[in-house]
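You will see two complexes here that share chain A, one where it goes with chain B and one where it goes with chain C.
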Partner chain A sequence: MTGFRLVLSALVIGPARRRPIRALLPVVGVAVGVAAVAAIHHANRSITESFREAAREVAGKSDLVVVGARGVPIDAIERLRFLWRIGSFAPLVSGSAVLADGSGEVVSVLGTDYGAEGAVRDMRLVAPTTGAERARLLTSGTVLLPVSFASRHGFRIGSPVPLVAGGVRTRVVVGGLLELSGLARAAGGDVLVTDLFTAGRLLGKTGFVDRVDVVLDPGVSADAVRSEIARRLPAGLSVEPAGRAALAAGRMARAFRFNLNALGSLTLLVGMFLVANAVSISVLRRRPEIATLRSLGTSRASIFTAFAVEGLAVGAAGTLLGEIGGLVLARIALRVVSGTVSSVYAPTAKISAAGFGPPVLAAAVAGGLSSFLAVLFPAVEATRVPPAPAMRPGSTEQVRRHRSGPRAAAAALSLVLAAALSRARPVAGFPFFGFGAVALVVFALALVSPIAVSAGAASTRTAFARFFGPAGRLATAFFGGSLGRNAVAVTALAMALAMTLAMITTVASMRETVRTWVESSLRADLWVRPASGRAGAVVGDLPGEIVPFLQSVSGVEAVDPFRVRDASDASGRALTVGASDFRVLARAGGAPLMDGRDSRKTAEVARRRGEVLVSEPYARRFGASCGDMALLVTPKGLRSFRIAGVYRDFANDRGTILLDRSLYLDLFGDDRLTSAGILARHGVSSEDLRRRIFAAVGGRFAVEVTTNRELRRQVLRIFDRTFAVTRALEGIAVAVAVLGIANALVASAVERRRSFALLRALGASRRQIGSAVLLEALLTGGVATVAAVAAGAAFAALLIGVINPQSFGWSFVPRVPIGRLAAAASAVLLASVAAGLVPGRIAASTDPAAALSEE
Partner chain B sequence: MLKQIAALTFAVLLPAPAPSVTFPRDHGAHPEVPVEWWYYTGHLTDRAGASYGFQLTFFRVRDVHLAHFAWTDVSRREFRYEEKTHLGLPGIASAEQERLDVSNEDWFAREGPGGIHVLTASGRAGDLELTLSPVKAPVLHGESGVSRKGAGPREFSRYVSITRLTARGSLRRGIRREPLSGTAWFDHEWGSGVLPAEAAGWDWFALQLDDGSELMLYRMRRSDGSATAFSSGTFVARRGTAVPVRWSEVRLSETKFWSSPHSRARYPAAWRIAVASIGLDVEVEPLLADQELETSASTGVTYWEGACRVKGLHAGRPVGGRAYAELTGYAGKDVPGTAF
Partner chain C sequence: MSSPDARAAPSSAPAVVCERVSKVYSGVRPVVALDTVDLAVSSGEFLAIVGPSGGGKSTLLHLVAGIDRPTSGSIRVGGRDIGALPESELTLYRRREVGVVFQFFNLLPHLTVRENVELPRLLDGKKDAYLRARELLDRVDLAERGEAHPYELSGGEMQRAAIARGLVTGARLLLADEPTGNLDSRHGEEVLELLDHVRRERGVTLLLATHSPAAARRADRIVELRDGRFS
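Right, the complex of A and B next:
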């Protein structure tokens, strides 16, 4: 092993000690990638875990859960009586309310059967402690609060808690305080636990519970009991394993998490290229040493191992550094991400930080694996260095030039394959092949980079010579001369830039499509929704009695009571059911049809025939189109409806079946509404009408009224906030890539000090050499930009045309934001020129005599 | 004079009492009042002659249904109890109107054919199944079933008992099923549940004498141990005739005490009860000292309720018997009724 240690010292440790800064750059590259991966992984895990935990605390120890299309009617609970011999069960009513104590905070309201909780869910009362005071908890209208929540709001036992729940103002009284464990941890501890009847009254859910959790005695077969329960339940109710709810909760915000993950991986990929870049440079720089060692009898394996160790050491150091950065970054990422989640996906969701263990591990694995992969090719390259001829510098370039034919062929093949994969269908709702196509494009980009570098050098030679004189001529020579090094730098930068350009295009296309959708779907003049405090999303719902109140307001032309609720199809796949008054839809439009037909006529026909409209994500997810049947579990059992049209919808990615309100009322018997759209009479201003609505319903219902313009703005604001994280990550990826260029250029400048010295000795001025290096940087940036535009177009096409529709069921009208793309590309070009400044100075400052005396 | 005025005032303040109590209708629930309970106690023996006591109680406090089941194994000197609390929901806990049908999980008391009461309860002691056949007609305590607890307008309840039922049934433990027989007592009370402010608790006795007569005594106790003016009783003769017992005729004295190792409360543990008007003078003593219930998971009340033996004289003749006694208000402030 002494021999190997010598090899290692000659090839790796020695150079690294002499040039610590250069050794540090790839470390920083990997660190940034690893930090991004760790932070994003942590944020994602926190979201999933928080959702899961909330679902788990609510589900408690239950083995099975009984649910229904409109909850479980209280009368149906009787049918579970037989379970007392083999276990126990506990019904639950759940919903949200807004604290009207000035904080506007959203709280979860959980209505339980107090006594049943011990067996099913954990709930520990901290106060009161005496039996008599505890007995007072049995009074209707009393609630239990977690200690932390109560102290934050200054509530004590006996305090009144003002609430907006179910669209009306009300108040409850604190009867007891809970330890922050078990059920009290649902919604991150912002929870109000009360008896089922009080919760039902608060939330407008009398006669129904949301679920019944079943816990079986040890040794009782859940499968057997499940089928026995299923046999006894009336139509419209079903029994499921308890884990399913937690799974569904984990699925929430999937689109968002996915977006983050893709970007995190991108950053790491760029970091990976930086490692490859660094090791390639090492290999190139040390060809003479390698040749010498080889001719002295060092084995290929030793050479390979030495470079592999270098790459892995860089990877390890970068990973370590990245983990530390990741911990810091994670806190920032979590804050941004949880804000988006609670404003967009679930108002009561409280995202609490998950453990750092798994993200740290994942980032370490990602960092280690990617640096190993990155080091593989250059290390193999090193073993191919022949003993004698390579002792002279410059031989690499010939070796590479010989390969450009097969490279081009392989790249073309990759692209053809990518095109083929982009046509494949998703697997289990996930666009595996779409991502495969992206990977192939990346591969092709890497293959084609050396060719692009040669071509770039060749095509600019004359022009550069004419415009920049000797410096220009030198620049093209430098650029084409160190092909290997520049190719890797170009690949890294091109990839980062291509992804950035693709994301810019995708987000712009999304935004534009959403903007047009908002315009065509938000047709009402005003929206009335329950007062939702600080939450961005709608909290709770409104009682049906509000509709005649709204209709009676002078200046109101029509009211569309809108209702959304969770539903499922025959095989239990979750979807959304929406109900809208199709007569209002027929008058005002508002469900823009994909095929361009007039939604007003379609709504009218659908209303008469009892047909439904489905959203685009529904159509994609369930493979349904106009004229097919849509299946829906209703409280009256499974029903099927003919699909009259498919409309564009970005409200959710699960898919929505939209029913006419009268059909919905008949099937679900639920007259509550999520919001109401108001059409103003001609000549009545929105502001005016808003005042009148407040005057008419304000005393009785707690509502918020939003004008059309405000709502449109709100939608776009939420959209922009969602993608703010994306932008930040794009920036990081580009920064890392620019760092790569700087690294490559510094390395090459230092390496070519002898050439610079020779040039100086032959009469080239400092200025000429400095400019040449700067121009080389410009060339690197330029070639990378050209490559990035091509690859970016491919990425964008895949993201917009394949990955997005396959993952979320949304299609976007492509839109190329030339201005922003050009700005991004120029920023990268500028940055790469700036990256040439330091090596330019190194080159220019080379002292000919000293450098040549090294010979 | 003052008393008469007070009585008149109360008569006016009283919500019009239900016209009359009739059965089996009034064995059912009365949701118009906030607090109601169905109380079964009894003394059982198995084929080997070993004796047991049981208590099965269903409470309803507005929407909340609670239940206690206690089992006293006299020969093994074991006392075990279970409790349940649920909201009144079908299939979970309920009390039907118009007929006897109360349940909490899989415990229940229902009226069976021919006016029998069918009971089921289960716990660590085993699964108890009993059929109770009334020997006597229901007795209305107080004035036609209105039992005053205090001077306040809401301080009364409706109180009905069947003082003697023959019990037949079994206790199943695992695969073993032990046939049982004996005598039971049924109380049903409904009202405001308000404990008068002056009262610290109560002592309740249900004596079943071997000569076929029974005595219910109810002492509303002040914190100094004295009885309030609203303590009373009912004597039921062998043939079923009910005679109200005024507290002035009663002499009740504690002769022994027992301190609970669980709650640290000090309870009376033997009594001498003398009722001059019916010529009764007996000693009542628990069959087992520790028959205390700490019901933190349901009513939140700590009380002593247990099987006792009776020995003494009735109308000049030696008499034996069994009893159940209920002692509340000894363990701090945890008294039923103060919360309502």
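Right, the complex of A and C next:
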């Protein structure tokens, strides 16, 4: 033990004490990676938890929940009376509305049965307190508000609350105030609780409730009761465990969270390379000490353990520092992310910070584990240092050069394997093999980096000497001469840049595909949807009578009433059912088919035959194609439809079955609309028609009318907003990598003090040495950029061709945005030169006498 | 061993003149490496500086090489006080007027032997660096080893390459700091032989710091430096 302590002291503790700044650099690298992971994890967890929390408040204590394809008809609730003997149940109507008090805020509307509510959900009335006043709560049009919400908007008992709900302006009266607990906490407390009838009227769901929550007495078998309920329920209704709704809520914004997670992991991966880089450098630097210790009989195990301890210490210190930075970053990340989720994905969602404990733990595990993994290779390398030749400068590089053949072969094998994995199908809807292929490309990149460094140095030697003189010649010698160190720096930067280039290409491909899709699917001249206040997303729906009303407006050629709602297949898998007037579709088009056929003709045929169209995500998720049967649970029971075509759709990743409206009305009996497309009569402009519609609407409906061009812009604005965070994260990943280059170059400059001193002694000027280090940084950035372009192309192909289609069911037409890619690569190149400034200065200021005296 | 008054060169104008040169390394306990030293070396002379380790030999060579500056006193080389030169001119002095051979060879590991030899001339922007390097490598019997890396050479070969590097700029002043200290006796003898030959054929002034009496015996004159003073 004493012996090992001395080894540790000679190799790790002593050097760290002597040069603390040098020891701190890798710690900073890990800290940045850990901070990014902690922040992203925190933001992600907060989103998921906020959705789940809201779902839990609504679900209350329920064990089972009864739901239906169009909700649960109130008369069907009668059949659940038997439950009073073994528990209790409470129906719930839910939806959203917009406050018309000038704030434009979106609120959740929850309709409950006050009598039954207490058994299922917690709801505490603060005011009124007397029995007589409480009796008035049952008056239609009376609502309960959480105290905090009421005080924020200045509402008191008896205050009128103006609303836009179900596409019409209306007004309710505050009857009581609720403590901010239980049900009142749903949607972050922005909630309006009322009786079933009032909620049904506000939301256009008269005669139906959205769910019935069932709470069983202790000891009652949920399975048995579930079977009994299922037996008694009419067709189209089902009973399921209460947790499933929370899970479904968690699925929202899945693509968005996936996006964040992928980039967070990338940042950590780059951080991992930084640790490997730092330990590699320390092994290189301490080869003479290792050789001396080995010659004195120190075992390989002791050498390995000493460096492993160092790596772990760097990981632990970096993790600690990163956790502190993560707390600050997390607040910023959450603010950015929650704004996007609330305004784009779920208008009523209120994202609040979830406990920071799990993200701290996750980041700590990630930081510690990645540091340990990163240290393995260089620590093993340290054990292989031979006692005698290691005293000779440059021996490591000599050894590595000899390994370039096997490295190239292993890299080629990795790429072949990656190509093979990219052809494999997803496992349970997750592209495991696609990610495996990405990992193999990363591995190939790491393997090929030393070869790229050698080739880069050799190919630029003449040109650099010609253009930059002695400094250029020195730079290529430095660059090619420090293979180990430069290869790790090149790998880290190339990986971050490659992923950034791939993301830019993927996002550009998605955007272009979405733009084309918008153009081919948005064929109407105008869109009418319920007024949504401040929200960007659709809030509520429109009454069915708006269809004949719109048809009667002068200048309207045709109206396409569009309806979307949640549905499920025979095995309860969630999907979306959509309804559109196929006659309008047959006239104007608007569902671009994947196989290139004319969607107008297909829609006409489908309408006549009672067939359906399905979206691309549906086809991928359910393994269906044209001519197959699509299964759908309807209020009239399970129905199957022949698929007439598969259309491109980016509206959701669950998959949509699109029915002709007449078929939908027949099966669902739901005449409400989510929005309506309007075709203008020939010669009538969109703007003119919009004015006519507003004039005709008067106060009858509360709608927003959007022109085709505005809607296209809106779609692309939402798209850009969703991916704004991606850009910020790309920036972080590249910044971490550039920090890695700076770290490597600073360490390298410090390590090469004697070389610089010698150069100064031989007559090299400070400028020549500083320029050589800057040019070396340029070479590092340049070779990394070339490697990144190749790896980025592979990443982009995997993201666009494998991971995205397998994850979300979306396929994209590849598009290479040369300008943006060149800008990103140039920025990285510039940043890497900037990263050479400090080490350049360190190198130039080397005191030759002091450095040479050290011998 | 020569007497103290033999420190003055016997004939011709001195190439190097040190007057009352001191070098003190500051610190909690300042160390006096050189204590008011006077020395004159004639053009073309071979001077051996002997003395125990820590006596100030390397410090004196570093000062003459322009790698370090004296704390006080003046060092004139070719009539110029190099201690008073601005940094840019001192750099040019090191580049053009002096060659240094170190005990540990100090070849840059990532450059080939030829590139190492070319380096000082390349730093000066001279186009003939390649030809001069080939010529000098030939002169030191390393013509065949030019494209090898330093780690592929023996100690003697590395030191011969370092001598070629010291001569490549055409400098007339060559400083050798324990050039045989890291070599076995046979290779040490070869290196000394080479130094002596090249300084004769090129008229180079040679200052050799050494522990080795055998090496010192080759010199025209020997001085002993002990505790920062000539004895």
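Following the convention adopted for this analysis, the second predicted complex is superposed on the first by the 852 of 855 C-alpha atoms of A that agree within 3 Å, B and C clash if a C-alpha of one lies under 4 Å from a C-alpha of the other, contacts with A are read in each partner's own complex, and residues count from 1 in each chain.
Criterion: contacts are C-beta pairs under 8 Å (C-beta built on N, C-alpha and C of every residue); 3 or more make two chains touch, one makes a residue touch a chain.
Note that this is a predicted model, so its numbers are computed, not measured.
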Check: In the superposed arrangement, does A:136 touch chain B (first), chain C (second), both or neither?
Finding: first
Margin query: Quick check on the superposed pair: does A:762 touch chain B, chain C, both, or neither? Answer first, second, both or neither.
Written below: second
Item checked: Partner chain in contact with A:826 - chain B first, chain C second, else both or neither -> neither
Next item on the list: Return first, second, both or neither, reflecting whether A:470 touches chain B, chain C, both chains, or no partner chain.
Entry: second
Check: Touching A:462 in the superposition: chain B (first), chain C (second), both, neither?
Finding: neither
Next item on the list: Would you sort A:482 into first (chain B), second (chain C), both or neither based on which partner it touches?
Entry: second
Note to self: Based on the A-chain superposition described above, do chain B and chain C contact any of the same residues on chain A, and if so which?
What the structure shows: none
Item checked: In the complex with chain B, residue positions of chain A that touch it -> 74-75, 77-81, 84-85, 88-89, 91, 113-116, 118, 130-136, 138-140, 195-197
Note to self: Applying the document's contact rule, which stretches of chain A touch chain C when the two form their complex?
What the structure shows: 389, 392-395, 397-398, 469-470, 473, 477-478, 480-482, 754-755, 758-766, 768, 848-849, 852-853, 855
Check: Which of the residues in chain C come into contact with chain A in the complex?
Finding: 58, 62, 65, 67-68, 87-88, 91-96, 100, 102-104, 106, 108-111, 115, 119-120, 122-125, 149-151, 165, 169
Check: Within the complex, which stretch of chain B touches chain A?
Finding: 61-64, 66, 84-87, 89-93, 105-106, 295-302, 332-335, 338-340
